[in-house]
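In what follows, a single structure is set out as structure tokens and then discussed.
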Amino acid sequence: MIAHLPALQVHLPVLQVIIPLMAAPICLILKRAHPVWLFALITSGLAFVISVLLLQQVMTSGVISYELGGWQAPWGIEYRIDKLNAFVLLIITSISTIVLFAAQTSIEKEIPKSKHTFFYILYLLSLTGMLGIVATGDAFNVFVFLEISSLSAYALIAMGKDRRALWAAYQYLIMGTIGATFILIGIGLMYQMTGTLNMEDLSQRLPEVAQTRTVFTAFAFVIVGVCLKLALFPLHLWLPNAYAYAPSIVTAFFAATATKVAIYLLIRFTFTIFGLSFSFTTIPLQTLFMALGLAGIFIASTSAIYQKNIKLLFAYSSIAQIGYMIVGFSISSVTGLTATLLHMFNHALMKSAIFLALGAVMYRLGNVQLSSFHGLGRQMPFTMAAIVIGGLSLIGVPLTVGFVSKWYLLLALLEQGWWPVAVLILLGSVLAVIYVWRLVEVAYFKEPLSDQVPVKEAPMFFIIPIWTLIIANIYFGIDTRLSVQVAQAAAMSLFGVTP
Amino acid sequence: MNLSLELMLQLAIVVPFLAVVAILVTGHNPNLREGVTIAACLILIYLVVNLYQGLALGATISVLWWELLPGLTISFNIEPLGILFALIASFLWLVTTCYAIGYMRSHQEKNQTRFYLCFALAISAVMAIAFAANLFTLFVFYEVLTLSTYPLVTHAGTEKAQKGGRVYLGILLSTSIVFFLLAIVSTWFVAGTLDFKLGGIFSADVDKTLAGILLVLFVFGIGKAAIMPFHRWLPAAMVAPTPVSALLHAVAVVKAGVFTILKVCIFIFGLDLLSVLPTTQFLLYLAGASVLLASLVAMRQDNLKARLAYSTVSQLGYITLGALLATPSGVIGSSMHIVIHAFGKITLFFCAGAILVTLHKSKISEMRGIGRQMPLTMLAFFIASLSIIGVPPAGGTWSKWFLMMGTIETEQWVLMVILMLSTLLNIAYLLPISFHAFFPDLIPNKNQPNKCSNKAATSINKQPAIGITEAPLPSLIAIVITTLGCLILFIYPQPLFELATAVLTNRE
Amino acid sequence: MDIVINISSGLCLFVGSFLCLSGGVGMLRFPDFYTRMHAAGVTDTLGSAMILIGLMIISTGFLVFIKLVMILLLGMLIGPTTSHVLAKAALHNGLEPQLGHEDADNKETTSSNP
Amino acid sequence: MLMGLFNHWVVIALMMIGLYIVIAHGNLIKKIVGLTLFQTSVFIFYISMAKVNGGTAPILADDIIQYSNPLPHVLILTAIVVGIATTALALSLVVRIKETYGSIEEENIQDQDNQTFEQSNSQKDSKQEKQA
Amino acid sequence: MINIVILTLLVVIAIAIIRMKDLFAVVMLLGIYGLLSASFFVAMDAVDVAFTEAAVGAGISTLLMLVVISMTGRREITTRHKPFSALFVVAITGFLLIYGTLDMPYFGSADAPIHGHVAPRYINDSMQEIGIPNIVTSVLASYRAFDTFGEVVVIFTAGIGVLALLSVVRRPEDPEQIAVINDSMHERHLVIRIIAKILIPFILLFALYVQFHGDFGPGGGFQAGVIFAAAIILYTMLFGLSTARRVINQSLIRLVAATGVLLYGSVGLATLLSGGNFFDYNVLANDPIAGQHLGIALIELGVGCTVAVVIIIIFFNFAARREMQLNNKKQHQDKKNKESSSC
């Protein structure tokens, strides 16, 4: 076996998905929660290492194609790793590993002991699903892995302590299944016109039939389906409750990754499969998405301002941040796409940090109502500082990651000469200031309520991952070379521009 | 010590920051904590003075910290305007710290560690702003300054303080995010660089309308300069303790604002371009209106600090106006006014604080005859008033003079009239305070019987001159120093003038 | 020979179909649950059996024949049992065998009763 | 055209009936039924596009030349499994919802949520007032 | 012709489902819908799919829904709060789809793009490449084996999800009580119990047949698993959950569920370690065809194991939940009775 190990290098794309996938049933065999946690953590770490290796490989030697079953591409399923999905894979695995680190402590108080093992299994499955969606080069395979990640997501969300978690999970299930079925219809229509399911093959064969009404319908269905998963305004209704009432770990993981995967799909379908000219010239996608993105930013941010449950607040903020990504996407220029990709990465960093910190608050206080935050700045200084830095990053204060992506977004808008949109984007940041500051004010400038029991700082298992993320938040806000370079390269390759 | 100037430049930014850490560590011991602060002040002054000398010897110093994106750097250099600002800020930090020690202790404020901590952080940001080599660096620390001063504004922690803090943060952050950032990104987009360069960074054939819009965005975006539609934060921040007000109004925040405007005018647009932009005229009138209106509002304020706040708004208008005049005289006038106004206004605030601490009065109508109890304080108040008004023997004379010159050079007669009028208004709202303090019976106050609910006020009327009760000693020393500053600037403005003229001379 | 096979098979199929159809008519026309169920149960068992026999007659391979036989056996076993269970469940849930309009709500089966 | 596309149209009608049930009905089980209906109809759509006139089931035999397309069959086999998995999970959610909310009607559940939400808010508010 | 008849029936049933308020009837109609669509699939030459749809659509999903209805009540309360918005959405979606059909190749036309591009290789070459007559199985288990792996994982996920949501810690049971219940049930279900006892071995046998005959005719791991599970479920329904649990050890079947997935994955890993790509069965044996056969048999076994066991797990958990609810209700009532009597 050892002799074969160097050869495994070739198999990295499939190992990326297979390792967490195989780990899930093994967890069921391991049975006891503690070893399962360790095992899951190691698995996720391994997946992270693989994604780093993959990214390295892609950046140096270009697209990797891996034929599953040894069958050639349009007949068998192909894994196709280019810069875009290597980047997204890295986001998913890194966040997953860091979040998982805190999982054991966090779920201790949120999930009954007998279900911990199931929790880790579902977590790994959900990770598998996302990785599978991103890695694959086959349209139908996307659907299958989408369902793996969605099903585990429904179950994970329903494990929340509050009974509303169940209702939220149900709503998400209905919306998610409709979305998946729409995608299925879209893939079916595409298949009917081209006879192939392979993305690369589709992208070559679709232009021949691009003018047909069927392809237009296929496009519409795929996009609507993906947007349902994406929680793009006005299809976002499932998201706030799902994020707010899920166990904290789940929220931290999903807020950082699930919507990113959906955005990846959106980019993949519009740019790679249907192609730029079809997506943006034949169809008025640009205006539509720009409008929806902006509406999302404003409506979600405004709703966030009025929330009393802090998880709900940041859930709405997530919808608003999705709006930013969509605006960047709708510009359909290299800079705009770079901004979107950067924001995917950056938003993952800040939101996972914030939600993990909220998990720590949940761990100590048992709830995350605004009124519980009175004077928490003193009692849990590290946790609250993390939330504040994460919040500043959401606003887009310089030297945090949020600034970098906003900078690119503005540049992209100015390139197109869309001044009013740029102003609106900035106004959106002002709304972010308001909702972040409400929390800061309560936490730092209000005395604790008299009936509130003083609490200690969160345990180390929280502080370490939270601050890893926060430091990453600042580091990538200052040293932007890595993230910008990768995002730019990915964007360029999607536009077919050679640097 | 033979530190290189580059190192000193960095130290000037880092020392206050280190002070933050030291204050945090020594927070439990007030004496040690304040000792640390003062030590940091002294080191900072030493550094800045050294830098000043270095500049005078013709050294060009620049430091690159980090390249965020290609071409977008955090870097610093020194030039006369920055040195000017750094000098005044570091010096007044020392003075304010002295004052604050007396004020805070006698007022028995809570959270004093947080106060000194944020104070030092703010100064660190101010130093970085002063030495910023490009607009981006400046913007970064501009935001740091906003955030670090927020806890100072809401220091009292009361509902009112929080409301004030919200307005403060709301206006400053939103203007900076919506307008300033947009302007910066657009500048970057149009010019391809953000480095400060004498004569501007825009190419000559830049679209004038676009540049004009950018100018408006800059002037509105720099909310700290408190140009009229976005001035609300300044009076709102009045809830802060007096040393904070002094810091905000005289040293750090507003000066950072007008400093930024000057920097933008001189080094981003360049005076040549500025004078031909279509929107300059509009902004000039806006600044003029700001000057006049704020003065008018100031007259109606009974709260001393609020009156001073509106006075600040009006004075900032001068500086903006001078910068926008786009002539050497205007720029010199503005630069000098930054310093001179700083000394004048900080004295006024110190006095207001001293009155509050010793006599617990904050309303002007209650201050009749206090000159007998606090003669020194009120004398200082008088001299500082003169400096603000701009009459000898106080420094304000010179800056007003150059500003007037600027309006005449550019034949902006309307603005000249505005300046004159505002001087009259200054007299009308500042001088009566000191007059009443010393000669309570000179003009009968009609309001007095209605407003005598305050016990202290009535007691003084009944028993005049019970003796001299001055402010705590550290505060008093601070007041005296700044008052002397006002006077010295009149008698010996030469170095200041040279520095201000050097702003426009190309050193390369 | 072919003709004989075809005719007999056709006959079987026809009878089977007719029986199924009559069962359907019975389902619609009979007055209460038990009689309806009776109609459906009895005719379907025989009807499907006839159809299967008809198919067996024309079946080509041995394997097909055996499969059909198996299905027939299964049908013979399951059809009556199902009817029995249905009737029992209805009775158990208090539906009296009587004339009159049906009460669909009481159609409880054991399948929901594990 | 009518004959050529009629099948598709009927299938679309079926899909839309399913979708309508999901959206319009408030009963949670009915929604799941609608979802199943929707999905099953999509399966029908896939399968009918695989049909070739005159073809037979794609099981290789010697004397047959025309087969229907096997690929959609494979896809739908997978999709059916996905469908049942979703249904099972949805049903288990319904069971839990019934246990905690005591109802499986959408309106009822939302009412309950709003009530508890307001209650908790008003409680918090009153607490704050007391503090003040 | 036949397909138009079936489609019409389907529409009728679908409309009936909208209009019905009785959930029991709705679920039964859904079962019929599944069965009819299975018939339609047969008419469309999709025998494998028909088999699966009959087992799942008409069988398992109906069953699960009935269990749930027995817990939640069977009446839909008449509220129709948003029929217009729903109609609006549906109309838009429907018209878009119909618009999309206008450029579609006609139903059944042999020159449609899908019959020309990828599929011909499956039809023409799969015999040489894989050596199995059932093309669907070839594609499912070899060409697109990874999709099928995903499918297994989906069903595994559903199992774990149901476990996470519904599993209850069961108290040790009183064997006497079970015996009492068993006796009463025996009386009630005598006929069907005997019939079931006759049938169950045959059903299990049939499951095995389907499992291993999948290469040659319709069938395969998934269908076999469902049938196998159906036999166990039938047994459970007739002989009680407690008896069934004694027959089928809970932790053991969880283990089997995991093993099924692992078996499938291990085949892939084995191919990987033998130097091929993931799921490249050719390297499993010296002869590629033999390798394909071996690989397909193994993964079908994995599918069968997982599917059967997961469906059993799902059913057991629903049933156990129901039992727990009934017990709770009974205890509650007992308590109430006691209280009222003591008063």
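Going in written order, the chains are labelled A, B, C, D and E, and every chain counts its residues from 1.
Here is the rule we use: a residue touches a chain if its C-beta (ideal position, glycine included) is under 8 Å from a C-beta of that chain, and two chains touch if they have at least 3 such contacts.
Since this is a predicted model, take the numbers as computed values, not measurements.
Undergrad: Would you mind naming the chains that touch subunit A and likewise touch subunit D?
TA: Touching subunit A and subunit D alike, sorted by label: E.
Undergrad: Going by the average position of its CA atoms, which chain sits the greatest distance from subunit E?
TA: Chain centre farthest from subunit E's centre: B.
Undergrad: Please flag the chain sitting at the greatest distance from subunit A, going by CA centroids.
TA: Relative to subunit A, the chain with the farthest C-alpha centre is C.
Undergrad: Could you let me know which interface, D-E or A-B, is made of more C-beta pairs in contact?
TA: The greater number of contacts lies at D-E.
Undergrad: If you average the Cα atoms of each chain, whose average lands nearest the overall Cα average?
TA: A
Undergrad: Approximately how many whole Å separate the CA-defined centres of subunit C and subunit E?
TA: 26
Undergrad: Distance from the CA centroid of subunit B to that of subunit C, rounded to the nearest Å?
TA: Going by mean C-alpha positions, subunit B sits 97 Å from subunit C.
Undergrad: Distance from the CA centroid of subunit B to that of subunit D, rounded to the nearest Å?
TA: That pair's centroid distance is 65 Å.
Undergrad: Mind checking the centre-to-centre distance between subunit A and subunit E? Centres are C-alpha means, answer in whole Å.
TA: Centre-to-centre distance between subunit A and subunit E: 31 Å.
Undergrad: Out of subunit E, which residues touch more than one other chain, so two or more?
TA: 69, 97, 101-102, 104, 112, 114-115, 118-119, 122, 144, 147, 150-151, 154, 157-158, 161-162, 165
Undergrad: Give me the residue numbers in subunit A that touch at least two other chains, ranges are fine.
TA: 140, 144, 147, 151, 154-155, 158, 185, 191-192, 197
Undergrad: Send over the residues of subunit C in touch with two or more other chains.
TA: As it turns out, subunit C has no residue touching two or more other chains.
Undergrad: Which pairs of chains touch each other in this structure?
TA: A-B, A-D, A-E, C-E, D-E
Undergrad: Spell out the residues on subunit E that touch subunit A in their complex, using ranges where they run on.
TA: Touch list, subunit E to subunit A: 96-97, 99-105, 112-119, 121-122, 142-147, 149-151, 153-154, 156-158, 160-165, 167, 169, 251, 254-255, 257-262, 265, 268-269, 272-273, 275-282.
Undergrad: Can you check the complex and tell me which residues of subunit A touch subunit D?
TA: 140, 143-144, 147, 151, 154-155, 158, 163-164, 166-167, 169-170, 173-174, 177-178, 180-181, 184-185, 188, 191-192, 197, 308, 369, 371, 449-451
Undergrad: Mind listing the subunit B positions that touch subunit A in their complex?
TA: 66, 68-69, 72, 136, 139-140, 143, 147, 151, 154, 157, 162, 165-166, 169-170, 173-174, 177-179, 181-182, 185-186, 188-189
Undergrad: Report the residues of subunit C in contact with subunit E in the complex, numbered from low to high.
TA: So the residues of subunit C touching subunit E come out as 74, 77-78, 81, 84-85, 88, 92, 104-105, 107, 110-114.
Undergrad: Considering only the defined contacts, which subunit E positions touch subunit C in the complex?
TA: 22, 24-25, 63, 66-67, 69-70, 188-189, 191-192, 195, 198-199, 202, 233, 236-237, 240-241, 319, 322
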